[in-house]
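Look for chain A in each of the two complexes below; its partner is chain B in the first and chain C in the second.
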Partner chain A sequence: MSGTFSIAIDLLLNSLVLSGVFLIVAMGLNIIYGLSRIMNMSHGALYAVGAYIGYSLVATGVNYFAALIITPILVGIIGLLIERTIILPMRKRSMVYTLILTYGLMFFLDGMIKHIWGNRPRFIELPEFMQGMISILGTQYPVYRLMTLFMIAAIMIALMLLLSKTKAGIIMRAASTIPEMVSCMGINMSYVHMGAFMLGCAMAGAAGIIAGPLTTIDPLMGGEMLISSFVVVVIGGLGSLRGAVIAAILIGFVQTFTEFFITDLAMVIVFIMMAVILAFMPRGLLGEGKFE
Partner chain B sequence: MNSTTSIPGISKRFYPLKIFAVILILCSLALFPFISDNRFYISLITEMMIYGLLAMSLDVLLGYTGLLSFMHNTYMGICAYAVGLFLIHISPTSLWLACFAGVVFTSLVALPVGWVQVRTGGLAFALLTLAFGMMFYTIVWKWYAVTGGDDGLMGMPNPDITLFGWHLGSSSDPVNIYLFTLTVVTICFFLTRRIINSPFGAVLEAIRENEDRASFVGINVRRYKLLGWMLACILASIAGALFILYKGYIGPSTMSAFAGAGVLMMVLLGGMGSLWGAFAGAFIFIYIQDYISTMTEHWEIFLGLFVIFLVLFLPTGFAGLGDYFKRFRKA
Partner chain C sequence: MKKIVTISLSLMMAFVLMSSQQVFAKDPVKIGVLVPLTGIVAQGGLEMKMGIEMAAEEKGTILGRDIKLYVEDTQVKPPIAVSKAEKLVYKDGCKALIGVFSSGVGLALASNIDKLKVPFLSTHVMTTEFYGIHPLVFRSGQLANDQTAVGNVKGIMARPDLKEKTYYVLVHDYAWGHDAGQRFIDLAKENGIKIYNEEYDRAPIATKDWSSYISKIKASGVDGVYIAFITNVIPVFAKQMSDFGLQGKVKTISAAAPGPLELEAGGEACFGIFGASDWSWDVDTPASNKWEMAFWEKYKTIPSDAAAHSYVGAMNLFNAIEKAGSTDAQAIAQALKGISFDGPYGNVRISAKDNCMRNSAVLTETMAAPENPFGAKVTMKVLHTFTAEELGPPE
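Moving on to the complex of A and B:
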């Protein structure tokens, strides 16, 4: 009896961790989409870049917590470079071009990862005190996994405060609904787009370094995360932040539980569920573009 | 290959020079295996033609209907697996029946997927093609008992190519496969061109230009999108049937996202919205790929850079170059 109970607790916590990682990646995608109507296909690759940068920082002796802060900043800077060089000329063109462009960027980044770090799987070394297990309701659970939940919660609260309390957040929310009006108020929309892209990329990087120690880091992780985050974004409704929360929790739970019971074809169950939801709600659970 | 002739997309005017050029290209392609004895080029051109057909099918979707499919190669792969499994397990000799079964099976798979996809918007459509493509890829990869998993499908029999009782030759000979592919691809090309120039094609283009206006005129946008999707998938499945006959082998890597990006790249290279451009794109792309992959293992980086470069500087592709020069001369 206690065995079943502890497995249930284990599964529940694992689902929450997976949901949290999906949530941060999908949130980054949604922020970019909501503000500048760009679907960033290279988001998964940026997530992988975040994990690899985190690995390199920790491997060269940087404190893990320092790496946790430096990595998103570095990935954000990469995002800034991408935005200024290749996304900017795409603003006036059809959306299809941006999709294909960022898809090409994804292959470029994946190729660069393989070129720099190689195909070998890598592990991020955690500090001593995070490697142990902790007892929750009689279940032994890794400390780090519990820590990730707190980190994800902290990021989400920070994002919420940013969007609701600060001036930048108010501008962002306004720009997602009526961009023309925002530029009439004398705010340079170009900076808003730039900021949104940087923020989205930084979130992908943060998710990368948070999720890195949970599993091994390999070049395939970006592609897998891209698909999962698309499923989350499409089910929740494109550009809808609350929809992403609900969808991330749903997908996280379904995937963890199906992986536990069927192992191999867990993704297929997730896709079938997605198809059923979309057949009845083509615009996702909460509809498109509710940016709050 | 000299593919610089253009077949007018919509224009109804009669161009004797262009028709002459098309006949010239077809004749030279048909005579090629009798002139040259080089097996490498024969199989390379076969591959080019098959991928040209696949790129053209994606172009029907992308260039004419305005819907982006990231993993169109999935449907080619599904049909190739279906044909292969049919030949191995059910009947090793009936080629036409196997191809027919493969195309029907692929349509049956593509129909519900397309039904879900067209209900969402244009952007969600593109994201869903990637999600469903990855799903099929995962199934093929993990279902070892049927598909052979990572190893792929091996031990394909070589059925004879027959037509109404005539024996045309065995499919184990590359020259026969080359001619067979050329015939099928040519028929598919002219058939597709006819469909695209019909009122149906005009409806698809109207949807591409403005979905809202098309629906105001009374067009059932979702149904036409679904029909466009099915047309593209059926063409892709024909390419798949040819592919397994040519290779005698099919593995999951043919269905990967990476290969899908290659097909997208062919369409971009050739120019969206031009059927012959897709073939030109496939010919150039496969030649470059063959050339570069012998020199470097980081083909991914080059593919990514090519795509970025093309979208930034040459969005109309190879087929658009003519217009560009025309404008240049006028200015």
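Moving on to the complex of A and C:
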């Protein structure tokens, strides 16, 4: 295999890994917005909370895969508390109220992170078999990075099954398009909103523990991810799950390739792309975006 | 009766005057401390604060007055740092400013110093633009970019295994990173060291995933990388280089010393980082050993170079105020010129020519720590000590 080919494989895999992390975070954001019209500004902070909880679980001896299951559940429970105490009382008011409240919550969660875990970076200790390299089409690639692709795929399949095959999922999908009808059928919409918020937060937590070993865990990781996931959500269309998939892949590839070829302008190009798409396709790439 | 009233009034006046003199005598000397306590270098900022507080405690008083530190968070943002400096000087009445992490923040403060009209001593501004930038602006802390480049290039030249390598240059995209990268490239070329990308790469400060850059390094086929990153990012990059199997294959030379807590977090992935620094707790001199144990006793955290720089800078400032005999800005500035302090990394002297420090420094490589009182697992092992004259710049 030539060197150029192996670098191309590297870039392809790097793009997929980055896209995958963006996808899970953006999906969570989209589920919350699509079902309950809440623009959750604390979503990035919940992603960071997931990473730190995952770090603490592994550091105290919990197996990484067990932590991968426990972390989203715990972040989902945090989401439940947020929804019942902060979001629910504001449900009947304008979206701006929850937007500002969740923005404040983001600072609160960031402050809690610094208070509990401090400022220094943390790394999740992976099991030995996930620390090495594997040969793929002539390139040596980190095992864990490759495994994240499978983890992300598994999460996406589970999400699709939940939304298409379970009663709760079908109610959620119906509620995202015709909430009045769901309400008329005697289903308490308050519980639907609660479920959506919990699910979205759990997705943020799952992304946090998956992304933690890829990069680093620090108190700023949430704010940075919030910006990237908003770019994905805006390009894909607010509330559009299919749009988010395409947008996440697009952003992951554009960011990785521009960092490689035109380093200095990588993020500039991503934001110019978002501005152009927003100008010509305000409802996102698939035209499925929902506005309130 | 008139006489009694006159005597009483005179006594009262004398009492009031004496009391007010006593009040003035007890007025503390107010020093403004500007450090980043939030944002990307918050850990370094905390360590800087510790170093300055330790110096103030050790010094006790200046001109027979207590030292009062007013600490403000710059958030590593130039406009915020300038407004915090204005608050410290105009509202709190601080007579001097100390601290500051980041060349961008330092340059912003320096450009506002005519307005602030107090001496500003930076402890963590490495840009070469600081040499003689303003009569009220001084540096006594971390090595400047030209000094680090001299140390690193001398270190590379002294090691045949490093001398023959080709270096990829990757920096953080801001004033300090650009200056550090360019200084290294210029000096390396003069010495015949091969540079792969003279138009060095600039990565955004927010970069978390270094995989694209690592792919570029892999594609270039180099066997060395020169990095100029904010200290706490160094272990992050090292960890990802290790994940991609490049640790040991591509030698990392760093323009800044990683903090000890960050090194602990990065663990074995951080082994092998080579670079010049003022100080590391591996420095084995009586003054260094005494200082690091005092720091450990006080804070129960691994002594860091950020704390050592700030401690020494603060001592130079406090001694200068004492030497000036007043808190007048011009008098302090005059006293700072040529002042020196013997601390954990030897004699640190502020040049009267350009207001920036000259001191000896060490060449280090990160590796497994020997048994130590701090419980550290990684150390910046001292390989060589440079004299102040070797590092320059000449006066």
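In the analysis below, the second predicted complex is superposed on the first by the 284 of 292 C-alpha atoms of A that agree within 3 Å, B and C clash if a C-alpha of one lies under 4 Å from a C-alpha of the other, contacts with A are read in each partner's own complex, and residues count from 1 in each chain.
In the analysis below, a contact is a pair of C-beta atoms (placed from the backbone, for glycine too) under 8 Å apart; a residue touches a chain by one contact, two chains touch by 3 or more.
Keep in mind the model is a prediction, meaning the values are calculated, not measured.
Aligned on chain A, chain B and chain C: do they clash or fit?
clash
After the superposition on A, what does A:17 contact: first (chain B), second (chain C), both or neither?
second
Does chain B (first) or chain C (second) touch A:92, or do both, or does neither?
neither
Scan A:167 for contacts with chain B and chain C and give back first, second, both or neither.
In the superposition, A:167 touches no partner, neither chain B nor chain C.
Examine A:107 and indicate which partner it touches, taking first as chain B and second as chain C; both and neither are also allowed.
In the superposition, A:107 contacts chain B only.
Using the touch definition from the top, say if A:279 reaches chain B (first), chain C (second), both or neither.
first
Go through the superposed model and pick first if A:231 touches only chain B, second if only chain C, both, or neither.
Touch partner of A:231: chain B, not chain C.
Looking at A:118, would you say it contacts chain B, chain C, both, or neither? Reply first, second, both or neither.
A:118: touches chain C, not chain B.
Could you pull out which residues of chain A sit against chain B in one structure and against chain C in the other?
114, 264, 267
Could you pull out which chain B residues touch chain A in their complex?
Going by the criterion above, the answer is residues 62, 66, 68, 70, 112-113, 115-116, 119-124, 126-128, 130-132, 134-135, 138-139, 142, 257-258, 261, 264, 268, 298-308, 311-312, 315.
Along chain A, where are the residues that touch chain B in the complex?
Its residues touching chain B are 39, 86, 89-90, 93, 95-97, 99-101, 103-112, 114-115, 223, 226-227, 230-231, 233-234, 238, 264-265, 267-268, 271, 274-275, 278-279, 282-284, 288.
Which residues of chain C touch chain A in their complex?
38-40, 42-43, 46, 173, 201-204, 206, 208-213, 215-216, 218-219, 221, 232, 235-236, 239-240, 243-245, 259, 261-262, 265-267
For the complex, give me every residue of chain A touching chain C.
3-4, 7, 10-11, 14, 17-18, 114, 118-123, 131, 133, 140-142, 144-145, 214-216, 218-221, 224, 255-257, 259-260, 263-264, 266-267
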